[in-house]
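Below are two complexes that have chain A in common, paired first with chain B and then with chain C.
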Partner chain A sequence: MKSHAVVSGVGITPATSPRRQPLSKNELCRQAVDIALDHAGCPRDAIDAVIIGDIAGFEASCVATKTIAPSLGLPPLTAVVPISTGGTSGGQLPNQAATLVQAGFAQRVLCVAPNTFDGPVDLQAVINTNSPMVMEQPLGMGAVHMGAFFPAAYQQRYKVSDADLLALSEKNRRNADHNPFAHVTSALPDALAERLISTPLRLGMVCPVSSGAIAMVISAEEAVQDDSPNPLVRISGHGSISDGYLGGKRRDFSTFEVVEILARRVYEQAGIREPRRDFDVCELFTPYAPMEYMLMEAFQLCGYGTAPALFHAGATQVDGDIPVNVSGGTQCTNPGLAGQIAPVAHIALQLMGQSPAQQVAGAQRGLAHSTGGTFFQFHTATVMERVGS
Partner chain B sequence: MTTTDSDTTGFAADATGRIVQHVHWEIDYQVKLGRTWSRFMKGLQNQELWGSVCQHCSRTYVPAQDYCEACYEHIEEWRQLEPVGTLRAATIVYQGFDGGPEVPYAVGAIEVDGTDSLFMHFIGGVDLGNPEAARARLVDGLRVRARWAAERSGAITDIAAFDAE
Partner chain C sequence: MTPPVAALSEPPLSQQPREDVYVVGRAWIDVDDHDDRQLDELIFDACSQALRDAGVRRHQIGFSVTSSLDLYDGRSISNALTAPAAAGYLNDELRVEGDASSSVVLAMAHLISGHADMAIVTAINVPEAGSTAEPAVRQLREHVSSYTFDSHMDRPVGMRAAVTLGMHAARRLDSGAVTWDRLVDRTTTDINRGAVSGRGRRSPVTADDVRSSPMAVAPLPQLMLPAESAGAGAVVLAYGVAARRCPRPLARLTGWGSATGQPPANRTWLDEPAAAAARAASKAYERAGLTDPSTVAGLEMTDLSPALSDELQGALQLAHLPDQAVNVSGGVRANHPGIASGLLRLVDAVERVSDGATGGPLVVHGVDDLMGLVSGTANVFVLEAS
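Take a look at the complex of A and B:
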């Protein structure tokens, strides 16, 4: 039976630093799963398939899915699907779950997004293995330095000031103050926030290394519409896209060219005609704060070079007409896989009217995004809408 | 809580008393560059910069590659390029990483003259002592020229940096 795919449950564990995390990866995943199943009102034996994300090689394991799956307490013969697409693994989980449901292969799919940064003593050294090793990684470029090219080019092309970038990161930290699952908040001292890392990025614009897990239940709408304890949130469009792997494949660092292509595809599926009018809330994956401006533009929420003006006018605040990263975003909380699925989880909860952060009043439709690769070669998008009003 | 030193079993309690196990894998890899990148690197070793040119659409790539991203055709033609170009984007690194170069240093995306891709490399010849002055210099349009490393081994670092002209 083919059906629309809906988000019927979300489970988020509190984010903290890997140093302070008392739980193992398996325990953390199980905790997130317990919360998500309980939220969905879904018994374990109703789960047809579990999709578990992982960034292979980031921790002291190869395919973590194979050790996480047996620890979740699911019935024998539950289908297990590992997904490892680097920084987009988390964003792929609900999208692939929706595909299984829409194709009629499953009625209820459990998505598990573990912490993926807890193990390494020197995370930077591990992330460097993710960079184009022969041509570019030997050139003194770690992830944050590669990430700095984009805001550097964006600033120059559109005459965006350092103050415009700092103000954006401050907005997100203030949003994080209201999110019990956020890691960094406005308690971050100014002197630390302003420390220069790699021009124009300063520490306060760069995500922390967090620990936490998120699970979601994606169900066939027809299977859960009569007894769901929550308003149903339909996944009305989803997709992913890749760009050339070497950093130099981008002719222009001032824009995420492939995101515009992805947006067009996904908007067509979901019937989005005017993104700024049609969306009530957006969560964009921004490990570096300035990406928020660039992604707003690539997702056609505003014209190129106009996102800072939109931000300064208050449009992206929680009470604005197009709130962006009300959770505080990746910039404030980044537990790896769980950070990647977090935009989808937060948008789903916003559309259910159950945001743990500030609730956007009457939100009906939202956009979630994830990206990965040190040069952001890979992106996913998920468009969701509340079923009924 | 106090930190407990690792005992002979390799287990240790961290600062909050939780037990962690120290895992250390020492692994070396041999990564094959393949025909096209090997030829490109041999060129650098000889202080020559070679790009590959698509016979179908004339796009020129540095680093060289054996297929065209625009028309998907196999590329067999090579062209030697003057190692000069124009900086398109750059960042100045003030916080590096273990094993990386000493900070501050600059890296940039360079459009080598006559090519249709960007080439990432170190940018030299600019005083990085004053961040604001250096940023003002390292902008789209700055002309740069390759400075060859004294010791070359067939690696991307056979070019020491692209220096501002």
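Take a look at the complex of A and C:
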């Protein structure tokens, strides 16, 4: 049976730092799955397939999916699919689950996004192995440097000040104050937040290394519409895109060019004509705070170079006309795979009217995004709408 | 207390309309020590060949999915390097860390759901081991396999893929379910078939060669283990009219099914290592409307050990097939390119079907072997002439 795909359950565990995490990866994932299945009102034996993400090259084991899946308590022989696309792995999980449902391959798919960063002793050194080993690693290029390229170019092109960037990160930390699953909040001392990391990025603009897990249940709308305990949230558009491998392929660092292509595709699927009017809430994957401005523009929520003005006018606040990263976003909580799926999870809960953070009143349609790879090569987008909206 | 699941109203799979998915192009590249192409160059060449074989252009591809593994590729997020070469540049793309047969299933889902009219599946297994010789590839893969097992319970006692094969073979021999001569005969036949077909990576052998091969993991000597190799391949899939307008659709994929085997802690993996294949086959046959598996004319399967072969063939409900209809180009004991193995098995079957002399549908079985006989996701496909 082919069907619309809907989010029918979400499970999020609280985030902390890996060294304070008392639970193993398997235990955390089991906890997230228990919460998601309970939220969906879905017994374990109704799950047809499980999609689990990891980043083998970043972790202390190979294909963690293999050891996580048996700990989830699912019936024997349940099909398991391991997905790994770097920083978009988490965003890919619900998108691929939706595809399986839309194709009629499954009625209920469980997505599991584990904590990715708990294993390595020096995570930054491990993450830096992601940059091209012949062209860019010899130059000392690491993840934060790649993250700095974009806001530096953005500042130069649009005359955006350091204060504009700092204010954005402060907004997200204030939002995180209301999110019980957030890791970094406004409790972060100013002296730490303002420490320069890689121009123009300061510590308060850079995501923490977090530990936590998220699970989601993606179901066929017809299969759950009569007895779902929650309002259903339809995945009405989704997709991914890859840029070239080397940084030089980006052409223009002041924008995420390929996101504009991706946006056009998923907006066409979902019938989005005027993004700023059509979306009620957005969660954009921003491990570096200034990306929020640039992604808002690439997703056509505003014109190029105008996002800071929109922000200062209050439009992206929870009570603004286009709230962005109401959860506090990736900047405040980044447990790897769980951080990547978090935008989808938070948008789904917003549209159900069950946000654990600040609820956007009357939210009916939302956008979630993830990105990763060297120089943000990969992006995913997921458009969701409350069924019946 | 969770509420009961809503009763599903859809008809059984066998009564639903058959989907219109075809393999329209394929390519396979064996890689040896003299090949100086990098990962992305090999992927690019495999994709280019498959696209040419299909008679379509890169821009017609709407979805690209690759099977590969960071730890074989020697870099983190290795698909960042390979995605653009796999027709993924500015395209919808994905990487699966499992056998290529799982990637085929996801590509089919994209076609059937209407997200794309054409998709390309690529797989690469060129481990960064300094050599592509069988012993070097096996050594790295077993090392990576060790890292895949649970670090507290399984790794400390030496669990890795080959160990599961040895444990299983010992059990089968001890119980009398299979004889040593049968294992030798099957291995000899497979390797020699591969040598004749041109697909194999091992030289022809005699039964005595197999018997006297150095012990790998008791009771299995090296020649009974899969012929670990390096290679890359691609298949182009297409849906409906888009497929039928290709110059030469090669085969129609009429059935598919997936299931994942038991983990190490559940000892049923040792008693029923083919249980996932049996589950996957049931789904595939139901989708294909294949009510009588005796009409199947051939099988390409990933029987990781000769001690598993008969058991797996039975689980696939294909025990009736004579040896010469199974793994005609030698199967895994002739050429086993790890995570790409399922794609090679599919390519072998597609070539047989497209030759038009099979006399019935073919079945393809792929499974990821990172943990040997445990926790592997098995996929089964039914292929028919286009």
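Keep in mind that, in the parts below, the second predicted complex is superposed on the first by the 387 of 389 C-alpha atoms of A that agree within 3 Å, B and C clash if a C-alpha of one lies under 4 Å from a C-alpha of the other, contacts with A are read in each partner's own complex, and residues count from 1 in each chain.
Criterion: a contact is a pair of C-beta atoms (placed from the backbone, for glycine too) under 8 Å apart; a residue touches a chain by one contact, two chains touch by 3 or more.
Everything quoted here is computed from the prediction, not taken from an experiment.
Asks: Quick check on the superposed pair: does A:H145 touch chain B, chain C, both, or neither? Answer first, second, both or neither.
Replies: first
Asks: First (chain B), second (chain C), both or neither: which does A:Q96 touch?
Replies: second
Asks: Could you look at A:N130 and tell me whether it touches chain B, chain C, both or neither (first, second, both, neither)?
Replies: After superposing on A, A:N130 lies in contact with chain C but is clear of chain B.
Asks: State whether chain B or chain C is in contact with more residues of chain A in the superposed arrangement.
Replies: C
Asks: Name the contact category of A:G388: first (chain B only), second (chain C only), both, or neither.
Replies: neither
Asks: Identify the partner contact of A:G362: answer first if only chain B is touched, second if only chain C is, both if each is, neither if none is.
Replies: After superposing on A, A:G362 lies clear of both chain B and chain C.
Asks: According to the stated criteria, A:G244 is in contact with first (chain B), second (chain C), both, or neither; which is it?
Replies: In the superposition, A:G244 touches chain B and chain C alike.
Asks: Based on the A-chain superposition described above, do chain B and chain C contact any of the same residues on chain A, and if so which?
Replies: Of chain A, residues 60, 133, 244 contact chain B in one complex and chain C in the other.
Asks: Using the touch rule from the top, collect the residues of chain A that touch chain C in their complex.
Replies: The contact residues of chain A facing chain C are 1-2, 37-38, 41-43, 46, 49, 54-58, 60-63, 65-67, 69-70, 76-87, 92, 96, 99-100, 102-105, 107, 126-127, 129-130, 132-133, 222-224, 226-227, 229, 239-245, 258, 261, 265, 372-374, 377-378.
Asks: Show which residues of chain A lie in contact with chain B when the two form their complex.
Replies: 19-20, 22, 60, 119, 122, 124-125, 128, 133-136, 138-142, 144-145, 148-149, 152-153, 156-157, 195-201, 244, 246-254
Asks: List the residues on chain B that touch chain A in their complex, please.
Replies: Residues of chain B touching chain A: 14-16, 18, 23, 25, 31, 33, 37, 63, 69, 88-101, 105, 107, 109, 116-122, 131, 135, 139-140, 155-157.
Asks: Provide the residue numbers of chain C that touch chain A in the complex, in ascending order.
Replies: Of all residues in chain C, those touching chain A are 2-6, 8-10, 16, 40, 69-71, 75-81, 83-84, 88-98, 102, 105-106, 108-115, 144-145, 147-151, 258-263, 265-266, 268, 275-276, 279, 370-371, 375, 377.
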